[in-house]
Amino acid sequence: MQEAMIKRAKELLADGSVNRVIGWKRGEFVYDVTPAVFDSAEELDADFVYDDFTAANVSKYLIKETKKEGKILAFLKPCDTYSFNQLIKEHRIVRENVYVIGIPGGPKLDAEKIKAKGITGILGAKNDNGTLRIETLYGEETMPYYEAVSVKCESCKSKKHMVYDELMGEEGDILQSNRFDMVEKLENMTAQERYDFWREQLSKCIRCNACRNVCPACSCEKCIFDNPDSGFENKAAVDSFEENMFHIIRAFHVAGRCTDCGECSRVCPQNIPLHLLNRKFIKDINSLYGEYQAGEDTTSRAPLTNYTTDDCEPSIVHERGVE
Amino acid sequence: MLKISKSKLNELFDAVSAKQALYLPVDRNDGAAEYKKYESGMTMSSALNTVRSAKDFFFPQTENLVDFKMEGKNIEVIDVREESEDFVIFGVRACDARSFTILDKVFLAEPVDSYYKNRRDHGTVVTMACTRPAETCFCKTFGIDPTVPEGDAACFDDGENIFFLANNDKGQAFIDSIASLLEEGDAAKLCEVQEKARAIMEKLPLAKLSTENFGGDKLTEYFNSEKWADLSEACLGCGTCTFVCPTCQCYDIKDFNTGHGIKRFRCWDSCMYSDFTKMAHGNPRLTQLERFRQRFMHKLVYFPANNNGEFGCVGCGRCLSKCPISMNIVKVMKALEVK
Amino acid sequence: MQVNENKEFEPVIVAFCCNWCSYAGADLSGTNRLNYPTNVKIIRVPCSCRVNPMFILRAFQRGADGVIICGCHPGDCHYTSGNYYARRRITLLYSMLDYLGIERNRTRLEWVSAAEGAKFAETMQKFTADVKKLGPNRRLEDLRCRKQ
Amino acid sequence: MNNDTLIPYIGVVTDIRQDTPDVKTFRVVSPEGGKVFEHMPGQCAMLSIPGVGEAMFSITSSPTNKEFMEFSIKKCGCLTNWLHAMDVGQQITIRGPYGNAFPVETELKGKDLLFIAGGIGLAPLRSVINYVRDNRANYGDVQVVYGSRSKDDLVDYQEIIDEWMADPNIEVNLTIDNPQEGWDGHVGFVPNYVKELQPSTSKTVLVCGPPIMIKFTLAGLKELGFTETQVYTTMELRMKCGVGKCGRCNIGNKYVCKDGPVFRFDQLDELPDEY
């Protein structure tokens, strides 16, 4: 796929359809891929990469990039197209300035998951019929391929592109995913168990803001947590309350807009399952206000800017599930 | 050399923690390691490094500096400092141990930061030599030998035993305090292990990385480099690199109104954040390019300019594995380097 | 902290009341000499949808043991639809707090009109009693704000 | 434990003077009376209202003033708004002194001095000017060029009229940007006025004002034959600690709070252009 992508990108650059390409750039190791903008065929040949580790969602960069001169070519995985659509809906991306090529998505791998197995000195990784063969400084190691799959790809919701100008490879389908299983499991715990679970997770937070800054839905010009005039500005959680507050509000601000792309959990340096907060909102919205998938289209009203006169009362929270 | 069998390590931890707080890296259930206060029965992690560095012990993410009581037009200043209790950090790697030297240069310079010094005076750092460096390691670039770590006392693992070596009086005192559990041992196998680790060090992907072309004299040339635009392009402006970094020491001072008083606290800050230098009348670092440049210029040029050529990086590799977009000091050095 | 064992726990209740209905309802309960607990601290807001999730969290941070939001009955909003939006938002927020293990009886929403002085008093009595049973808010408090 | 510089002292505001529509000068003494600490001209202090904010301000009074310190503060942000709204008798917190000072006892001694200030830029220079006036024998000619947007925006106007202009030992030149009723002095921007005045190149220059004024003034001075080693200025960037540790006020490897705020232009030239 990588070769075909480079070839197509070069063609589009050559015929002047686009003047830049946003994609992924090879790093020092097999896994440390950086999103990057390529201006020339030479740069593409030298550094463009699309492989098991190109998990990053580049759609947020298009906010900045589409405000520049000329058209940019963006390669979007199925999940990225949801974010892209959502940003179009929010008038953050100038659609005319992007040429979207839909490409097949994951599953993508996460080097952290390999390292968590105690495998170190990673020099290379190859999928061999469901076994990941990892070349290391200390000889070859193996692990089941699916155990190295990034959290964001573990329960893929769709292999279908929501938007594209051109498609490479086969179009896939929207999947019946099991993405709400863990949310349900938590809902069925007791309040004390849930509290303990989230305390353990959220107390790891170092407030690096990676989850917020990577999130395509977090596109405010100025975040309330950065704004001294908001009264809520805070840079570090001094108290456990502030850990909870930041994550509740972060998830709440993207409720109804989060496409569940999973970037927040992917980038968290402390492996906090942040997607479980977002998915809780998605699950609630689906069950209380009707199925809704953010990023599926560019015109519908978002659930939190909408209502019906016979919506359920908040007391439903007190009535269902486990106390 | 004095040693203890690895099977008896917990006896040693129990003995140490009976006298003072003992912190050591333990495995979390997500596969990462973090420093925890030792409680009987805990197993020390064999992971190469913790996600958060050991700087937390001397320079915690948040700390209360001073309290104020406001009454009418009057203010009362309440000094909240307390003498720290003695504590031991066990299993610190060579890179983190060096980071303390770097933090010392900042916090112990006049005027001495009493909060930092208080903890530094009461903390004993016991390091652990590395036997299995990772691909992200490049401490050698900064003149660190991970097989012979610094710190008050150093430990060496030969597979079966842990050997102890004091690097200073504080370290000697630590070893003396546990002497009854230690026995004299033969370090022949240890030398083998060390040789093996050194051989691996030579083979690391970043083994050739050099600081030769960096330093305080390269200010203008690197500051004005055209490379910054490309390097900083994908930067999200988050603080991950800064917060996992053992040498990043920038902080913010903030006030919190508790409803019955004001707590002035200090917390880690990141030069990558947009409000880091923002003033009422403007901001000298308006875009991510300038903020990104600041972080790396500080480590590679400004810090050595002010500290006799010592760099503000220890090559621990945390930013290499944790940056959400995998941009890091190694890529910056390689791109920037003018030979 | 010194805990006085003999002293019965008295919760702090924050009630966000919409200006047009519930605040007037609270007023009416007063003029009708109806009792509601002194634990309740009313914060008047222009509309129930003015209540930002941050307000609720901030109330808990600063020592509230329970938070209740009162607004016009659905269909009666002074601004036509404010309370409909509030209803969705607050439902989701309460659900999230519940998900994080915060005791669900610490949060409530009731529609109280300007004519329902009695309902206001009754609601507050019941909510205060419920929160009292739960004891002090420990899961969503900021220790720095606790009175020494 | 020893005192820590991050733990502030209490200061009491004993007098508030409205200098211009948006500048007030605050007189600060310690609760026991007298100055909270000694300083040299050009040094700064961290003032704070707990819960509102803390920021660095130049000490505008001269060290030769043994009774109190003064701060001329322009209303422009959260903290300064609060300070402007407070009444006499209010306590504030104060810590310092921070930074280097103008080298009044070394390099400037015996020299002819030219002070150039624009707007609130007079604040740090006022300290030096009064210090020089009080130790007049140690210095040569003293000339002050000060300009502002309008007559009302001239900080310390009363002191300038009553004391500086009445002092035969210093020359004071005032200017405002635009003509104004009741003003018969010079009209025009500071950099142009300096050029018109044709000061002797034997003078050492101390300049402070808005960045754009400093830029053009420096260019003008160079045209007149001044070199960069003759010109001093004082800088300001965001600060938190005041002692070169919190890491934000650096220009290149120099911290404005510790290595500055006073820089000679040849020193600034070696640093990156990031201020």
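To keep things simple, chains are lettered A, B, C and D as they appear, and every chain counts its residues starting from 1.
Everything below uses one rule, namely that contacts are C-beta pairs under 8 Å (C-beta built on N, C-alpha and C of every residue); 3 or more make two chains touch, one makes a residue touch a chain.
Please read all numbers here as calculations on a predicted model, not as lab measurements.
The chain with its Cα centroid farthest from the Cα centroid of chain C is D. Closest chain to the protein centre (all Cα atoms averaged), using per-chain Cα means: B.
Once the centre of each chain is set as its mean CA position, chain A and chain C turn out to be 36 Å apart. Between the CA-based centres of chain B and chain D the separation comes to 40 Å, rounded to the whole angstrom. Annotation: 52 Å between the Cα-based centres of chain C and chain D.
Chain A and chain B have centres, each the mean of its CA atoms, that are 30 Å apart. Residue positions of chain A touching 2 or more other chains, listed in rising order: 228, 238.
Contact of a single residue of chain D with at least two other chains is seen at positions 78. Contacts with at least two other chains are made by residues 252, 256, 269 of chain B. Against chain B, the residues of chain D that register as touching in their complex are 1-10, 50-54, 76-78, 80, 87, 89-93, 236-238, 240-241, 243-250, 252-253, 270-272, 274-275.
Of all the residues in chain B, the ones that touch chain D in their complex are 65-66, 68, 70, 73-75, 77, 79, 81, 83, 106-107, 109, 111-115, 118, 216, 219-220, 223-224, 249-253, 255, 257, 262, 264, 266, 269, 271, 276-281, 284-285, 290, 294, 297-298, 301-303, 305-306. Within the complex formed with chain A, the chain C residues making contact are 53-54, 57-58, 60-61, 74-75, 81, 84-85, 87-105, 107-109, 139-144.
Across the complex, chain B meets chain A through its residues 28, 30-32, 34, 46-48, 51-52, 61-62, 132-136, 200, 203-206, 230, 233-234, 236-240, 242-244, 252, 254, 256, 265, 267-270, 273-275, 320-322, 324-328, 330-331, 334.
Every residue of chain A that touches chain C in the complex is listed here, in rising order: 186-187, 191-199, 224, 232, 238-242, 244-245, 248-249, 251-252, 255, 277, 280-281, 284-285, 288-289, 303-309, 311-318, 321, 323.
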